[in-house]
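Scrolling down, you'll hit the structures one after another.
In what comes next, subunit A is part of two complexes: it sits with subunit B in the first one and with subunit C in the second one.
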Partner chain A sequence: MSNLLFTQPFFKKNGRAVAIYFLVAIIFWFVFLVIIPQLYMLDLSFRSNVPPLARGGPRDFYTFEHYQHFVFGSKSSIDAFNFVALGVFGRTIIVSIFVTIANLAFCYPIAFYIAKIANPSTARLLIVSLIIPFWINELLRSFALRILFANEGVINNVLTGIGIIDQGILFITYDVGLYTGLIYAYILLMMFPLYNAIESLDVNQIEAAKDLGSSTIRTHWRIVIPHAKPGIVSGCTMVFMLTVGALATPVVLSSPNTLWFPQLIYQWFNMNDNWSRGAAYSIILLVVSVIFVLTMMKLFRVRIGEIAR
Partner chain B sequence: MKPSHTINFMIGLYIVIFFTYLFGPLLIMSVTAFNSAEFPAITPWECFSFRWFSEGKIAYDGQHLAGLLSDRRLHDGLVSSLIIGTGVVLLAVPIGMAAAIVLTQVRSQLRDVYYSISIMPVLFPGVIIGISTVVLWDRIAGLGGEGLVAEFGRNGIFLTILAQTCFISTYCFLIFVARLQRFDQTQEEAALDLGATQTQVFFKILVPYLMPAIASAAVIAFLASFENYNTTVFSILSDQTLTTVIASKVRLGISPALSALALSIIALTIIAAVTYEVLRRREEKRYVASQEKFVKEEAADSRVDKDYKAGFRIPKGIVAVILLIILCSYGATQIVKNDLYGQSCIDAADKIKRAKFFDQLQTLESNQLTDEELQGGDLGGNQDYGDIFGDPNLFKDFGGFD
Partner chain C sequence: MSADVELRNVSVMFGSFYAARNVSVKINGGEFFSFLGPSGCGKTTLLRAISGFQDPSEGDILIDNKDMSGIGPNKRPTSLIFQNLALFPLMSVADNIVFSLEVKGVSKKDRRKRADELLELIALAGQGDKKVHQLSGGQKQRVAIARALAIEPQVLLLDEPLSALDLKLRQRMRTELREIQKRVNITFIYITHDQGEALTMSDRIAVMNEGELQQIGACAEVYNNPLTPFVATFVGENNPLYGKVKEINGSKVRIETSDGDFISTINENAKLSVGDDAISFVRPESLFIESDRDHFDNKIIATIESFEFEGNLKNFYASLKSGLKIRFSVPNALDTSSISSGTQIILGFESSKSVILPKAALAID
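Moving on to the complex of A and B:
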């Protein structure tokens, strides 16, 4: 058993006390914190919604009703499909894709500049100043954007003050604030994988391409981007998953009449007290986003082991 | 690589825009913390004041707007955030360290699978981690009756520590993996050859080598825990942490007290970052110096032994500091000159607002409907609703808003 898993006998290699500490820590983490909670959530998502006291009784049975509800809506509704939930879900996925692409487009020039063009002291200064905003609470960062974009906010006041517009633009209502905030929220997680990947590229390769007469765009397309592919995929994966699951930014910045999918989960869970349905919606979110990411990896031929390296 | 001037200019411009996007909102938010108006804004600048950092204000219409120091909920939230952060550090750092060390011992065929499982929690949406933890512990608490287990299972702080540890362990894991990649295995072998036991090797060689990683993992874990919202909002149950308090405040309406809070956090962050950077550079310098000394001793060669005296150089950062000081002093004099600071300014602003408020009140009063108009009329008067609003006993048991 031990030989199957490890390169050397585990207990002999580490000494008994330390080996026990390793095993306890890892099993506690993998099994107790990661796997079992997910399994229980999966189980709950197939159960009918009953109050705690009725659990195990006749009304507590396995059912697909929550998943059906996600697709077809409640039985009393006249619509063929649950347009609210499906709409929110589709919008969340599509906006997240665009946020990811925007992040990649914004970060690539900066990452390339820091990694290959800037001199070391400038590069270090830029990296430190990149990190500082991201040590600040996500909620407070969104709040900063809220101050800018509110109807009586700084941008509207300045614009009307100068006289460019007569009436405030409804940034929050049209979700401009939300999209800006989502791009803002996780941009660092795109920056660092990209930077690390580009940094490891040998400058001589770029110079060689230049000497052989390749244009700047072609050099990037044929040399830099293929080399940085693991970094790009890992940044995109992280940004996409975090954006899909974002709750803090939408809470602060989304307009009152639109919802982000995790907000919908939150509503079923905390306000409507239907834990089973909240769990079912969470499972849907998890499965769909994981499948999406895996498909993308397959398309771009990147293995999961390369992520976050 | 020598890009042309236009390209250089474009890159420079782009970087400036990018960093404006990063820092602009934070700067503007910081400035709004000093405006005495009730709504965080810059342009209708009322007075320069520190009220949002201290006790807040009681508005002209009797509404109490708490400042930083006087806000009880914020303080309670802060305390539980600190407790949770400490708990998470104590759990996540050892877990991450164990997982990273074991990664180096797992067979190469299994390594990808093991690595994938380890980084999975970061990719899970935080919402889901929070929910699954709550669901599991609700079930556990339901099984155990009314014992200690049930007590723990329904304790928001305990659940939050577990839920956050689930994914923060991965952050720690990644930090340890990066450090272990540069670990020299021969050190261990040397110690073993000299007769050390495996346990001694772990405590005398590996742990000291990992010390910097332990420190940065602890810092990162604490910060990640402190600022987490997505997971915490589910797992905290009926308690409150700093972030959930902030979220509920933001949802109720934005107030400059939040700007003040953000500014305090930003200031602490920058101080921490600068300290960390200074310490790191000092460490690096010491390392370089020791290397140089080593080379000199080894070479014993006059060519290497050239002690060049560093001339006195003015650090570039000083320009920025001087600019900042000039700007601040200019701003301060302007504020004092225009009477924008202090009690007199605030009183004046309040007076104007109070006057406006009473004007509005009077307009309302002059528009007041008569009793008869309220009771009847075509617009759905009280009688149309069976006179429920006239019944004085109806709301007797209603506790009222708190």
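Moving on to the complex of A and C:
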């Protein structure tokens, strides 16, 4: 058996030590870090909520109640639907779409500038100055934005100080802080796929389009964007998925009146001690996000293999 | 419609480096004009200046007698064929060809019609729906030409577009390019480091070195009457014979070298006086193995060192008394069985086939 394994081309090519490391690392990652915990969550989401000691007992049975709860709310509620959960969910998805689009709109010109216009030393400087702020942890960055956007915050103080406005603008109440924070939080995950995709475009293509009479906008529309499409999709997918699942930024920056869907999930897990319901809500978020992303990819005719490029 | 292109004292500087220095040339409408020079001589820079991608640091560029300064590449009546062609890989062949019409807002139906016409012109009729990567190298070449012609430019600029092709295809494309140029009758400005390409296609060529124009003229004129030692050795092969001017008699100059005296011809405007350092050039095909019938006005004694077979020609390398190496070629049809390495022979050449120039750097230095 072991002889059969070690004579495989994979072992011959990489040597025994490296091959074993690869196998163990990949199996550990996939099985222990991805498959088992997620299967456990999936299983949990279909079980009644019982304390750990009662597991396997008569009160522990399979049920759809947590999924039903997401749509219809608790049985004691007078509403026909769970408007709170559905509302938070819908808002999270829609805002995440806009955050993703805003992120793309913000990153595309910068990525293009770094990849095709800036000279190499300027490009390096810009990339470094994009990366370094992300050494600051997410919570600290979010709180810093809160200081900026608070009612008595830096922006309002400056604006009232120089007399442009009389009263502070309610940035936090209207979630300006949240949107800014969410856009900023995952900007690198948009920037680098975009930069990589644009960078690989032959500059002669851009010049050829220009030489044939094309305006700058048309050159981008017909040449640069189609070339960068895999990078755009890759960046948008990552930013969307992470925004939809963001927790730290909404906790710090969302207005007291609004919730971000992961905050709701977090409440079920931790504050209400209902892991099953939390798991069900998580799975709903995951499934809907994946379906949304796959639909978008279908719509923009991108194959899943392309985003790995 | 074709247009004149005129460069007036054009210089292009990158920092303090002159990529092109003080270039003045007038290219006539409908002419096939080539800039010929080694890589880094500034020919591509000049082409980019004409197409509008590079602003000249000094001087003016006029197309059809209009000053082009401040006019971008998308507004000039020029069209550029890139060295790597720069076809758009994500578009079909037809979409590539009529991209310039799409830009102008021409309707889809009219675009298709024009694409079909141009595909006809480049002998690719019916292949418009293919993707670029499905075409062969030569076909891609022709698509690039069609795309550049679709915009109906007055001047077509070509940046070594044949350099990536293999020899046979390159030779065929030379003929095709020349034919297309005659058919569309517009000005072609061609950039190349390949003197064979320049000589076979062009009406006139400009030889460049280190950013400066060395000589402008018809192909045969440049080949037969080079004005500088650089041109003499860059365009075609040439054997330099170094020496001092001994005697000047009209257009004939006697040069004294360590391998004896030779008589060469001097260009009208070359400046040489007795005693000057000079070089006489004689081409490999102008050197003949002397027989009783021939009477050449120059003779050299040489010892055969080696020989290489080129197919149509046999190239012999021989050394002179002074140690100077020279090369001569004979047609393959000629019997050379009596010559082998170590054989001493007498070579003759006509003074009319030898050019004498003031001493300066060669292309091969």
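Heads up, the rule we're going with is that the second predicted complex is superposed on the first by the 287 of 309 C-alpha atoms of A that agree within 3 Å, B and C clash if a C-alpha of one lies under 4 Å from a C-alpha of the other, contacts with A are read in each partner's own complex, and residues count from 1 in each chain.
Here is the rule we use: a residue touches a chain if its C-beta (ideal position, glycine included) is under 8 Å from a C-beta of that chain, and two chains touch if they have at least 3 such contacts.
Keep in mind that what you see is a predicted model, and the values were worked out from it rather than measured.
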Partner chain(s) touched by A:Glu207 [first = subunit B, second = subunit C, both, neither]: both
First (subunit B), second (subunit C), both or neither touched by A:His227: second
Which superposed partner A:Tyr184 touches (first subunit B, second subunit C, both, neither): first
Which of subunit B and subunit C A:Phe28 touches, first, second, both or neither: first
Which of subunit B and subunit C A:Arg218 touches, first, second, both or neither: second
When both partners are placed on the shared chain, which of subunit B and subunit C touches more of subunit A: B
Which of subunit B and subunit C A:Asn82 touches, first, second, both or neither: neither
Partner chain(s) touched by A:Asn49 [first = subunit B, second = subunit C, both, neither]: neither
Partner chain in contact with A:Ser96 - subunit B first, subunit C second, else both or neither: neither
Shared contact residues on subunit A - subunit B and subunit C: 207, 210
Contact footprint of subunit C on subunit A as seen in their complex: 202, 204-205, 207-215, 218, 222-223, 226-227
Residues of subunit A that touch subunit B when the two form their complex: 4-8, 10, 12-18, 21-22, 25-26, 28-30, 33-34, 36-38, 40-41, 44, 52, 55, 106, 109-110, 113, 116-117, 126, 128-133, 135-148, 150, 152-154, 157-158, 161, 184, 187, 203, 206-207, 210, 237-238, 241-242, 244-248, 251-252, 262, 265-266, 269-270, 275, 278-279, 282, 285-286, 289-290, 293, 303-305, 307-308
Residue numbers on subunit C that touch subunit A, as the complex places them: 51-53, 72-75, 78-80, 82-84, 86-88, 90-91, 99-100, 102-104, 147-148, 150-151
Interfacial residue positions of subunit B with respect to subunit A in the complex: 1, 3, 11, 14-15, 18-19, 21-26, 28-29, 32, 39-44, 94-95, 97-99, 101-102, 105-108, 110-112, 115-117, 119-129, 131-133, 135-136, 138-139, 142, 162, 165-166, 169, 174, 197-199, 201-202, 223, 226-227, 229-230, 233-234, 243, 246-247, 250-251, 254, 258-259, 261-262, 265-266, 269-270, 272-273, 277
